[in-house]
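Here come two complexes built around subunit A, the first alongside subunit B, the second alongside subunit C.
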Partner chain A sequence: MSKCMESECNSYVVKCYQCGKCSAGCQISPFMDYLPHQVVRFVQLGDIYVDKILQSKSIWYCAGCQTCFSRCPQQVNLPHLMDLLCERSSKLKKIHPEARKILAFHKSFLNGVNRFGRSFELGLVGEFKLRTFNLFQDLLLAPAMIFKGKICFLPAKIKNLALVKVLFKKS
Partner chain B sequence: MSRIGVFVCHCGENIGRTVDCGKVALESGKLQNVAISIDYKYMCSSPGQELIKNSIREHGLDGVVVAACSPRMHEKTFRGACAQAALNPYLCEMANIREHCSWVHDDKEAATAKAMDIVRSLVAKTVRNEKLFPIKIPVTKRALVIGGGVGGIQTALDIANSGHEVILIDKSPSIGGRMAALSETFPTLDCSQCILTPKMVDVAQHSKIKLVTYAELESVEGFVGNFKVKIRQKARYVDPIKCTGCGLCSQKCPVKNIASEFDEGLGMRRAIYTPFPQAIPNRPVIDKNNCTKLKTGKCGVCQKICQVGAINYEDKDQIVEYEVGAIVVATGLRALETREIYPEYGQGRHKDIITAMQFERLASASGPTLGVIKRPSDGKVPEKIVFIQCAGSRDSNAGYPYCSKICCMYTAKHAMLYKHKVHDGKAFVFYMDIRACGKNYEEFVRRGIEEDETSYLRGRVAKIYEENGQLVVNGIDTLSGEKMSIKADMVVLATAMSAQLESVHLAQLLGISYDQNNFYSELHPKLNPVDTATAGIFLAGSCAGPRDIPDTVASAGAVAAKVGGLFSKELLEREPIVACTKSFSNMNTCSGCFSCLQACPYGAIEQEIIVDKKQQQKKMVAKVNQGLCQGCGSCVSICRAGCLDLKGFSDEQMYESIIGMGGS
Partner chain C sequence: MVVKDKKALAYFPGCSLHSTANDFSKSIKLLMEILEIELKEIEDWCCCGASSAHRINQHLANGLVKLNIDQCKKMGLDTIFAPCAACFNRFKVVVSELGDTTKIVSLPDLISKHLEEIKIKQKLKLNMKIACYYGCLLNKPHSIFKQDCENPMTMEQSLTELGMESIEWPFKTECCGASFSLSNPEVVYQLTGEILRKAQQRGAEIIVTSCPLCHVNLDMRQKEIIKRNNDITEIPVLYLSELIAICVGIPIDKLKIDAHFIQVSKTFEEKFTVCHG
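Entry: the complex of A and B
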């Protein structure tokens, strides 16, 4: 068992007996470099093996749909584990090159939530484009989205914004 | 002129689909000697059997042919029905038109014709059938149990508690077997000694059990209910009656450095010794191969120190004879030494590569380290330990293709015990599959993994070697595809469970069969799992294949029930389908070549001396012991003089049935 991960996920990682039901039912698995059950196995095996996972695409590609968790016979909380691994991967700067965009999206989204207490689409699009230097991608979709009211020009705030700020500080 | 009834069964659609049963019945009715012929949907059902019984009474039948399934399936059923209608059951025959006809053919017309042939053949045979009567033989209500492990102990206690005498023999100086050497037992972690030793005491104190330790079976004669066994009581050199078990002799014996068999070579014993302090009987024996007095005539310390004069250097092996009615084999198994097959695992080259049985002794409170896990080389407590399962098992190349069944569980237990004793230690287990089928077994293994942090790696270890004073275990984890190289302080091999070295010799003494792995064969793996093919000899415990303690105890109880059933009657009844010598106008044509004696797998052929009027020996002839004969017919087919016959399948019957078949 990986020492660095132990405190947060030991309770369920040790339970995994490698049946592979998670990987068999995962919708994203065709795009992953390590299948979900292999991710758990490497965490079980210890630190030297966890490194591979931290540099993998899989942890970032996981959509967090919870299908695996709800089907798991041993109640292994794989989506939670994937989150933990993502966090660790970004902290140690081991992010897979292909996953950088995903992290940029995560950050842009969370910044919006931090600022307004809820998602602000235009801000999200703007920040994401700045972070990825992909300024013109999907630009042609914008008129239709604006026309249908999918994108507002001004952000909406929630009432108790202070509470959200406290949450972000805590994390 | 006989009056035979033919009863054709449709067996639902099994026969009726391919054979025109009505036509078969109609045609059979026209045969010579057939008085009545009927077909019915299910002949084995209650109305079907009533049909047969009523026909026997109404038509005064003196023979019955049931054209239905195989004799193995329902011969007993229909013979029983005949007996109820006061017809000798051996006048009833089965014509197999299901397995031999309807099941293997498609063409209805041809199949019907073949069914007719079969019926004709059996009618012709039945005409020649004779009344036969069950053979009655007396029973000696005493059982011999060979092996004093937990299986033998439980069998002996169960038989004795049902009121019959038991003789329990064990080749070692004490009963207890493998279980006495175990530390704790899965899946409950009871202390092995705590649950076994009270049973050992019960055996010693039971009024119906005669305990004979340090003894081996010498020979067996006779047959079910009437065995004569000779037992070799090996010389103990200590009078067990005079001896008080004070243990002074073992303390003072100057020969100290003999590897203890009980401690798997990890501890030492003297030349005069009791295998372990809780031994039953708690009386020492002298190991004649190591005793200075017995080898050179000098020493004699034990005799001088013994206050009751129990030491007798003149003791000799003794042969004791007993009569018993049943024999129970409970000889157990042995753990293989991997050095025999896996040199790459380094057992024997490095002291810290030990077997699972040795680990049991290390973990046992009564063991050489008093329960502290210390490695044999330098006594250090190992910080990293690797357990290797399937060390030999499931390797057909090495000659052990079977699963040893208990290793998954005891390895999980070992890793657990290790973690309980060495809290900072780390245990790895290399496994192929985890086979934890049993009540609370899977939960036990999961507990080891989840609570006691045992790391399970799926794969076979390739090599174990020493590097800078440390053991390196090279394996793979196939679940991740990663090669593993683990530096370990100690390695424990779950070696394959194999049959006892003497198992074949014992099987030949007893006349029972054994499989390709030298484990004894059951009569039927599912329906007769504790019987052997030889009547009156039973198997308890792991001499029939690897078994854990619960399975062994269960089989012991099953054997006791079987023996109890055997002993419940004053006279035994046996099927009269046995070989017999033919006599032609009272003259015995046996030439005394005794090919039959060679051919008989059951030792049922005896030599009989024929004398003339002056009591002079005329010649030696073969005689069948009907108690031993199983009716296989080997002797009949090998007899050159044609003077042997099998009752129920006589030459005459066979000729008639062949001629009858072609008589369309």
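Entry: the complex of A and C
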């Protein structure tokens, strides 16, 4: 991990004394390969253990609902730690195979924002389907959504797109 | 007469309200008109990045929100109204991190703040048992919101004041699965299924929410959830703004309630009774 990110992650996990309250209240834990408090433990242990976490399903499946953070007796900002680990995992291309579709969603979403300044849902769905080869998912919902006027066929492009593009370039 | 400070609010609709949640947007505009709250849409606003940017790029996530806050300041406004709970949460977090003085308000906050006026204008009340569903992002994390994030009561208190009955239930801040709706619907079927089941077990006849992501999961995904769970039956899901709009006399057919996937019953209008002061 980069030094800056490593120190940020460590500043979060150093306070954790492994009470397990985060895992007890985590609604997504049944979908995870490591429980939230285990993720923290691995980051505490560092090195090869962090690598294990970067390749885990857990970091990508965290919904960021903030429940663990709100309940933590040590105020460990676990959702933000998960965000940092996801960013790292994505940069190092260590994504768990089952989490690829989640990253595909985020990338499709942000591509739209980079292109138009706002999210363009039809483009997002199209790109997501192409990225995941999942062409038929939710196809039956499409006619109803069009009928109900819930789909915009044209993206809304903002005027000051340059400012958004700068942000994307810098990061 | 109640004197309210009628300063205009900077309005950040967010991407959802311009597409899948255009019904939410419609009800907010009509309601704010009646309440004479002036909304000034943030000029040339950009997406705040929720809920993808903060997952894979912290710098970008904060930068996008900052652009909108700067734009709001240029307009000379100090309060941003963000009806989408995901946008609201991102703004709150970034403002707190930057130590910025811009105030961010959510829909339940706004309703609660203008309750006296709503009471004066109220014509109808709904006679159904209502489950108020907050979702995760309106009250959490505790370090920023500094309020009861396990059992928020803002919506219930407003509805009680308006003479309506809401249920007590433990799932009001549980997660619906949010953006997994597209990337992994199985998560949503599981999580939202639990929410629908618990609301019905506690006797709710209707769910009220104020988040477009929750609405997609509770409403659009509901038929699929019912197929998988035979103990769950159809239950309509309204936006808080739709319910309050009907109560202050906006005709139902002016709202876009028929754009919901779960239709309200044909006798829905009869469930409203005239309110006597």
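As a working rule, the second predicted complex is superposed on the first by the 165 of 171 C-alpha atoms of A that agree within 3 Å, B and C clash if a C-alpha of one lies under 4 Å from a C-alpha of the other, contacts with A are read in each partner's own complex, and residues count from 1 in each chain.
Keep this in mind: a contact is a pair of C-beta atoms (placed from the backbone, for glycine too) under 8 Å apart; a residue touches a chain by one contact, two chains touch by 3 or more.
If you're wondering where the values come from, they're calculated on a predicted model, not measured in any experiment.
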Subunit B versus subunit C as contact partner of A:C86, first or second or both or neither: second
Most subunit A residues touched (candidates subunit B, subunit C): C
Subunit B versus subunit C as contact partner of A:T67, first or second or both or neither: second
Touching partner for A:L35 - first (subunit B), second (subunit C), both, neither: neither
Touched partner set for A:F105, first subunit B, second subunit C, both or neither: second
First, second, both or neither for A:K15, with subunit B first and subunit C second: first
Of subunit C, residues touching subunit A in the complex: 15, 18-22, 44-47, 49, 51-60, 63-64, 67, 136-137, 140-143, 149-150, 173-175, 177-180, 182-185, 187, 190-191, 220, 256, 258-259, 261
Subunit B-touching residues of subunit A, taken from the complex the two chains share: 1, 14-15, 17-18, 38, 41-42, 44-45, 49
Footprint of subunit C on subunit A - complex, ascending: 27-28, 30-31, 61, 63-67, 69-71, 75, 77, 79, 83-84, 86-87, 90, 101-107, 109-110, 113, 117-119, 121, 124-125, 128, 137-138, 141, 144-145, 148-152, 156, 158-160, 163-164, 167-168, 170-171
Residue ranges of subunit B touching subunit A (in the complex, touch as defined): 446, 449-450, 453, 455, 458, 477, 479-480, 482
